[in-house]
Every structure is written in C-alpha cells, then in structure tokens.
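In structure tokens below, several structures.
Here come two complexes built around chain A, the first alongside chain B, the second alongside chain C.
Now for the complex of A and B:
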C-alpha cells in the first residue's frame, strides 16, 4: 500500500499585508495620469465596448472624406484636394460638435454624477490640476480627432504625388487651424458640460452652445451683404466659434472663408479674431476654476 | 497622528467647529457625533481642503493649513456617500485612484490586486461597479483609500447603509486595517455602540465642541454597569430587594430600574463574583445578567449636567 505523498508545495501561502516602500510621484504625475485617463476615456478606452461605438463611429465618418479626397485626386490626377486642409475640420463641424458633445460630458459630467470629486481632491492634486488635466485631455482628443484625417489626406496626397511643398505647407497650416479650433471648442464644451451632472443635458447643451451662435451669425452676415456693407461681414464673424476659426484661417493661414459673398477678413479682423479666441479660452478656464472652487468633499 | 489646537470653523450661518482641541494617537479612533456635529468639517480641515477660521491642526506632524498636499499623499479618505462610477470595473477604478495618489503604473496594478484581495473582493472586481451590492461598494471605497499604503485612513461613516451582517464584516475589516496592516484609522459614526468594540480610543463631539476623548477601555470601565434580574422564592418574596440589601452589605451599590431589573455599578472585576455569590447564597435564580453601557445620549446628558 502506498502512502499518499504529501503535497507540501501545493499550499496556499497567505503573504499577508505588504507595505509599499516605492516611489510616490506627487501631484504633477497625478495630473499627467488624469490627463491620460481622460484622453483614453474620450475615445471609450478602458470602458465597456458600447462606450467605444460612438467615438470610433464618428471618427470613421470624420476620416471618410479625407480618404475619398485622396482617392479622387489620385484617380483624376488633379493636384488640388477638394477641401483645404485649413477648412477641413470646419467643413465637418457637425461631426466635430457631436464628438465634443459626447466627449466633454464623458470627461466631467460623470465625475459630478458619480460624486467622484471628493476622491480626487482628497489626493495631492488641486482643483487647478484637475481643470488643466481635463482641458488638456479634451483639447488633445479633439486635436487627434480632427488632425488625424488631415494626416491621412496628407500622406495619401504625397503617395498620389501631389506637389510636396504645397501639400506640406497646407498640412502644417491645417494643423495650426485645427489646433486653434480644438482649444476654442474644447474650452467652451468643457465649461458647458461641467455645469451638469446629467449626461443627456450635457450633450444637448454642448451642441446648442457651439452651434446656435453660428446659426445667428450667418444670416446676419447675409443680411449685411444685401445692405452692401460687406465690411461688417468680417466683424460679425467674431460672434460664433466657427466663424472665429474661419476668420483666423483665412487671415493668417492662406485659406478662404465660408462667409457670404466670399468676403475675406482684413488683417485687423484676423487679429481681433485671435484675441477673441484667446479671451474666450481664458474666460472658459477661469469659469471652470470658479466652478470647481466649491466642489470638494 | 492628529493634533488640533482651538480648531474653529465658522461658515456664514453656522459654526461647524468651535475651539476643538484634541490629540489622537496611533490605533483605531472612533469619532462620534450626531449629524451636523462637525465630523465631516473636521475631516475637511485635516485634509487641508478648507482653511480654519481659528486655531490649527496637524496630521502626521504636518500642518494642515500649509502642507495639505503632503498630508493628502500619506492619508487615505473614504467618503460617506457613494462615489463610484457605475460603468467602470473595480480593478480599473482602483488602479486609476492609485495613480492619482502618485503610484507608478506597475505598482498601482500590484497594489490594487493586493488591496482588493484584502478587502475581500474576488472575481467580481472585473465587472462594472454599477451592479455591486452596497457591501461590495463599501469594500471598493475602502480599497481606494488603502491602495497607496497610507499611514492613516479617515473613514466617514463606513457602516452607513449596511445590514447587521455587513456592518460586522466592515467593522472587523476596520479592525484588521490597524491590527494586520499597521495603518491607523479615524472612523466616524453617529452610533457609539458599534464603535466600542472596534476602537481603541473614542472622541465624542457635539455642536463642534469636544465632549469626551478617552480610551475605550476607560470608557467602559467608568461607564460599565451590570443589569441583573433574579427570581423570587418563598424565603424571599421580593427577590430583587433581598439581593439589593445583601449587595449593599457587601459594599456594592445596586439601584432598581425598570421592572425587576437591578442596575449594579461595576467598580472592579470582583463585583461580578460578589453578585454571583450573593445571588447563590440567597438561593435565588439568576434570570438575566448583562453588560450595560452608556449610550451616546447619556454621554450628552452627562456633559450638560
């Protein structure tokens, strides 16, 4: 008869509690981690599959014209793309606004709804860290969202042997226009979303605030055209996010506006637009900081 | 661990803390007070999240007014209310919170797995937290407060909303946080009874003022009373009176309370033997013998008188 062998090595060891003696990287690292976490969150990464459908679906729609443009250019052999790089994001504005309306509440409204704020503020980061991390994440997400299609069409354009110098200048100017748009739109959308813990409200409010000024500005500009006061058209451009970006790219980045009668902004109007963007972004950040001054434990 | 000196916090309408001076050492300390007594305000000030109107507070030797960020790096906080996003798994969430506390990615993952195991969360840690029971949510909330291996955790009403079994599990978990993990605990509650068994030290505040601060042992020593109920016999038709007289002769004070119950002051361990022997000598049956402890209401009455 054999004695069952003692399986001494099959025990489960309870190693008990282990202390953490490693590095504690502090507030700057925490802010960076929050930035990465939020950037991933804007594209639904690290969340269930259904959170990924909308951002990636919108991105596919956003990138589709770029792919088609390149295909058309390479088959017809023209050396011009259908949409200027500097106006690409603007011509896709509804998609951009939809993406923001989804991403901005994802970044800030959920923290309010689930009352996660006390967990952040009981850690080394401050309110300003929270706001900058979230703002940077939304700007980054929007820049990727609008900039990647440009890159697709740029690379495609090079492969189709459109003029290298032209394409590169256009691409870089396009990236600058995209960056301006990203900073402005993200600031506004984040501020709007930070006021509601309800995602549905956030989505509706972001869409409304970003698009309604545009709906008001364009008819006014058209009215000015009929009144033969075309100089005022450019000035009216200061009053909506889309026309601000449009004015800037036309004044400084070699693009043309979508204003009525093809009016181009003067340099003075371009500078005013730049100042308006800077002022609006600063105002949004200041209001965001104010918004979170009371939020806490 | 924590020292406050004349700590006062006034809001435009109310005074939340009023000259609070208290020392809290290592171990498990219960902070008791009714709703609005100033417990949450005290935690806020200790974490350096709001300035004190007057006075000062120090946590782990750091000044709360000036070194709040250093305190927050070494202290864990578990809020009273629900604070967990529903669409994220416990693992994902606690890793994120560990990184928010400054832990590098790999350390954050390891510590998360360890901590979730210690608080008793198993396979469900990979599922979205929206589907968790209250008990599981409380465990995750505790885990996120412990994940960065703090020197001190502040637990705000951790037993809120739990059923009696869940309450006991949470209390023994809190005990382990100190006994096994070596982390000091400040736990708030509006019930004195449930913290007596868990805490080494009890601090009672009311209206932002300190009522009491003493070790649980001395608390029960001073306030311990014994309630007994005896049968009547032919020799002693009124059993409780007979016992009272006999106890008085032995130098033990007993006072009649409701019905046949006698409340006996416990001045030392020998009292239990005297009571047992007295009842046995009289030939009476001991129907009931139980520890009586003061409830928070009595502490308040004492403070007012």
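Now for the complex of A and C:
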C-alpha cells in the first residue's frame, strides 16, 4: 500500500462533530445514579411487568399481617399488638429471605452475566463506589421492605388509639431492629450473589446461606434446653443470622426471643451478638471489595 | 423410557462442580449436628426427632429436592441448550422420564443416607425413629423430584417457586394454618413414617395414611405427565 503524498490542498473536513460542553456531574452523581437504579431494580421498577410480580407480591404478603394486626387490635379493643414491632421482620423471615434472594442476584449477578462491569469502571467510579452503591441500595430496599409494614401498623395503631407513647417507643425500637437485620442480611446476600453470574444459582445460594444456619441452630438450642444448660442457648444464638438479630432485639430493644423455652439472652451475649453482626458486615464488605479487584471478571 | 446418554449428561449437570458442593453442605451439616448432639447429650429420642424432623425432613429434603429437581432440566431450558437434546430422535417422554429418574436417584442419595446415618448416630434406631425418617425422606424425594422437575419445565423462576413452596407454604403457612399441612409433601411422607415408628413417639402426621399414599402417587404421576406435556409443546425463546 502506498502512502498518499501530502499535497497543498489536502485538508480535514469539519463534518460537525461537537465537543460535550454541558456540566460534568462527576463520580458522586454516577454513584448516586447507580444507587437509585439498583434500588428501583430491587422492586422491579424500570423492568418488565413480570419482574414486578414477585417483589410486590412478597411485599403484599409481608404487609398483610400488619393490616390484620391493627384490625384485630381495634375491634377487640386491646392495646397490645399480636407481633412485637421488634420481632416483626424476624417472624416473617422466609418472606424477607425470598425478597433478598430475588433482589441480590438482580443487583450484582446480572452485571457479571452480561459483562457490564467494564462499562461501570469506564465511568469515574471505583470498585469501592460500586460496592458501596450496591450495598446501600440493597440495605435501603430491605429496610423499606421490612420497615413499611411496621409503619403501616404504627399509623394504624395510632388511628385505633392504642396509646401514643407505647406505640412510638415500640415503633422506634422496631425500626432499629429492622435496620440491624437489613444491614446484616443485605451484606451476606450481596456477597453470596456476587460470586455467581447465574441468577437461578444465586437465588438458591442466597436462600441456603441465610436459612440453613437457622435450621441447624434451633435443634441445638432445643438440645441445650433438655440438658438444662439454658445459658448456652444464647451463645448458640451467635451462629445464625436470624438468632443474632433475635438476640440483639431481646437484649437491647425490649423484645422477647423466639429461642426454645423463651430464654432471654444476657447483656454479655447481647454485646457479643452486636460485635458478631458488626464483624460479619465488615467481613462481607471486605470480601466484596476483594471480589471486584480484578477488572475483567 | 430410559436413555443412557441423557442420564449421563444429567448426572454430570447435577453432580459437577459447585452443585455437588451445594448438595453435600446440608447432609454434612446434619451429620455434624448428629455427632454434636450425641457427644453433648447422649442418646435421646425426643432430640433425635427434633433434628431429623425439624432439620432433616423440613429443611434438607425439600432444599435438595429443589436443587436436584429443577437442576435436572431448568438450566438447559434457560440457556437454550435443550434444543440439542430435543433435536435427537428421542421421544420427549424418554427425556423427562430419564431426567426424573436421575433427579430421584440424586435426591434419595443425598437425603436418605445422611438421615439414616444421623439417626443411627443419635439414637441407634431406637423406636425405629431413624428408619421411619429414612422412609419418609425416600418417599418425599420421589414426590419432590416430580414436582420440581415440572416447575423447571413451566417457569423460568423454577428455583424461586420451588423455594416458595418448600419454605413459605410448608414451613411458614404449615405452622400457622393447619389446613395448609394437608397439602404438603412433607406431611404425606410423615404419615408413612408414623406407621413405621413405634407407638408413642413424636413422629406424627396430620394426614391419614391412605389419603397420603393416594396424594403422593397422584402428585408424582400428574406432575410427570404434565412435565412431558410441557416439554412436547416447548418452544425455546431467548429473552430476559
């Protein structure tokens, strides 16, 4: 191939490409967009109608007992709700886990499957930004999912005049317990989901990791009860996500546990549970950061 | 009615790599719990029932059933590679029946062996408790495999619906609404276990034995029939 000789009248035509001169919104805005997009995705917003069926169906199931509780309380005239606010999310745990199992792979597995990770990192965001945005979105989604039914029963309880002071403390304590649960469960679920590009596998793995420890811990606690060593029941509670949250809400937020024989954890066990939750969440985030260290994935 | 090659491929899909690990986590955990229970408390029939019934039959068997039952066919439909199988001169009936057979074999292997072993470790089959739960696990494996295989041919979200059935219907609703327990594979298989176990044990079911046997057979046969029907009219669509 011959190189065309430069001639005097050779010129590059201006064919009208334009520079971008608008505002550059920067990393913060990219992070925020990723957060909003993920949060909406968890509830199926901005996705086809059949992706909305399961999240909203699960939310309806989640909120139904709250509505029933208020209706029962206002007709019978008692001022006690059937389920404590602090234990509400825990007593609906299978629904919470299913919601997470739908949402977590939606947030991270699809990015891996369709190889969109390099696209994210071609924007001005780092892997820490990606992980924080996804984690915040999942925590937020779960907090809304579990907190809104509480709000429904709180507002309903106020309308049914169940006693303002009682209801408000119960509601606030319930929100704190829900927040602890959201952070812990979202961290674990996001970590598990980030390891597989396949949605079906992610769903199964998230459910397995979140529920199996609970299934294993309960019979062991029941065994401790038959051995009359009830102090150990609380310590066994450290080994599953559900019993960790259960222990914390019973120790610090005035709730009662679902442990065998209704054993209450001691303050020491409560502190240990708090530390375990903090440690687990930190570990999950650290492992998530490690997971995305390789850009190609 | 049974094809070597299809069976071999399905075994490989089910037991290859990460799935085999996922499948053996639960049985391993059951055996660990059994050893712990025996070491701490000695042989105790009530705790054995609690562990085998509460963990084994209520959690382990359905979860393994979901993984094996849907895993036998759903991933192939999901990624479209089922067309290579469908394009072979094989009746689709044979494909479903072979996959069902493999799913049953895998589920049984991963449920009955650990249940029996755990029962033996915990109380040495006193009052026939270990035997009863092993039988229940075997029967439940067949029904779960048929149901979840069907789910795999019906829905793209087969795993989710399988888990909704086993976790929410059988566990959550089953403990709140007693009527839900009549329509649960777990209770049907427990009614057989009740027959085997000695009188006065905690192995009880809400369903009478004849009803349970009829329902188990009906669900298995109807599920398999409809799965065959679904596969014969299957069109492979690429969306999502």
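One rule holds for everything that comes next: the second predicted complex is superposed on the first by the 275 of 297 C-alpha atoms of A that agree within 3 Å, B and C clash if a C-alpha of one lies under 4 Å from a C-alpha of the other, contacts with A are read in each partner's own complex, and residues count from 1 in each chain.
Everything below uses one rule, namely that a contact is a pair of C-beta atoms (placed from the backbone, for glycine too) under 8 Å apart; a residue touches a chain by one contact, two chains touch by 3 or more.
All figures in this text were calculated on a predicted structure; none of them were measured in a lab.
After superposition onto chain A, the partners chain B and chain C occupy separate space and fit alongside each other. By the document's definition of touching, of the two partners only chain C reaches A:201; chain B does not. In the superposition on chain A, A:102 contacts chain C only, with no contact to chain B. When the shared chain is aligned, chain B comes close enough to touch A:18, but chain C does not. Contact with chain B, but none with chain C, is seen for A:26 once the two complexes are overlaid on the shared chain. In the superposition on chain A, A:54 contacts chain C only, with no contact to chain B.
Within the superposed three-chain model, A:114 lies in touch with chain B and out of touch with chain C [touch as defined at top]. Contact comparison for chain A: of chain B and chain C, B touches the greater number of residues. Look at A:123: by the touch rule set out above, it reaches chain B but stays clear of chain C. Between chain B and chain C the least C-alpha distance in the superposed model amounts to 5 Å.
Within the complex, the chain A residues that touch chain B are 16-20, 22-27, 29-30, 33-34, 37, 46-48, 51, 110-111, 114-116, 118-126, 296-297. In the complex of the two chains, the chain B residues touching chain A come out as 40, 43-44, 47, 49-50, 69-70, 72-73, 75-77, 79, 81-88, 92, 96-97, 99-104, 107, 111, 114, 118, 128, 144, 148-149, 180-182. Contacts from chain A toward chain C in the complex involve residues 54, 61, 94-95, 97-98, 101-102, 198, 200-201, 203-205, 207-208, 211-212, 215-216, 218-220, 222-223, 226-227.
Chain contact summary for the complex, chain C toward chain A: residues 18, 22, 25-26, 29, 33, 36-37, 40-41, 44, 46-47, 50-51, 54-55, 58-60, 63, 66-67, 70, 74-75, 78, 157-160, 163-164, 167-168, 171-172.
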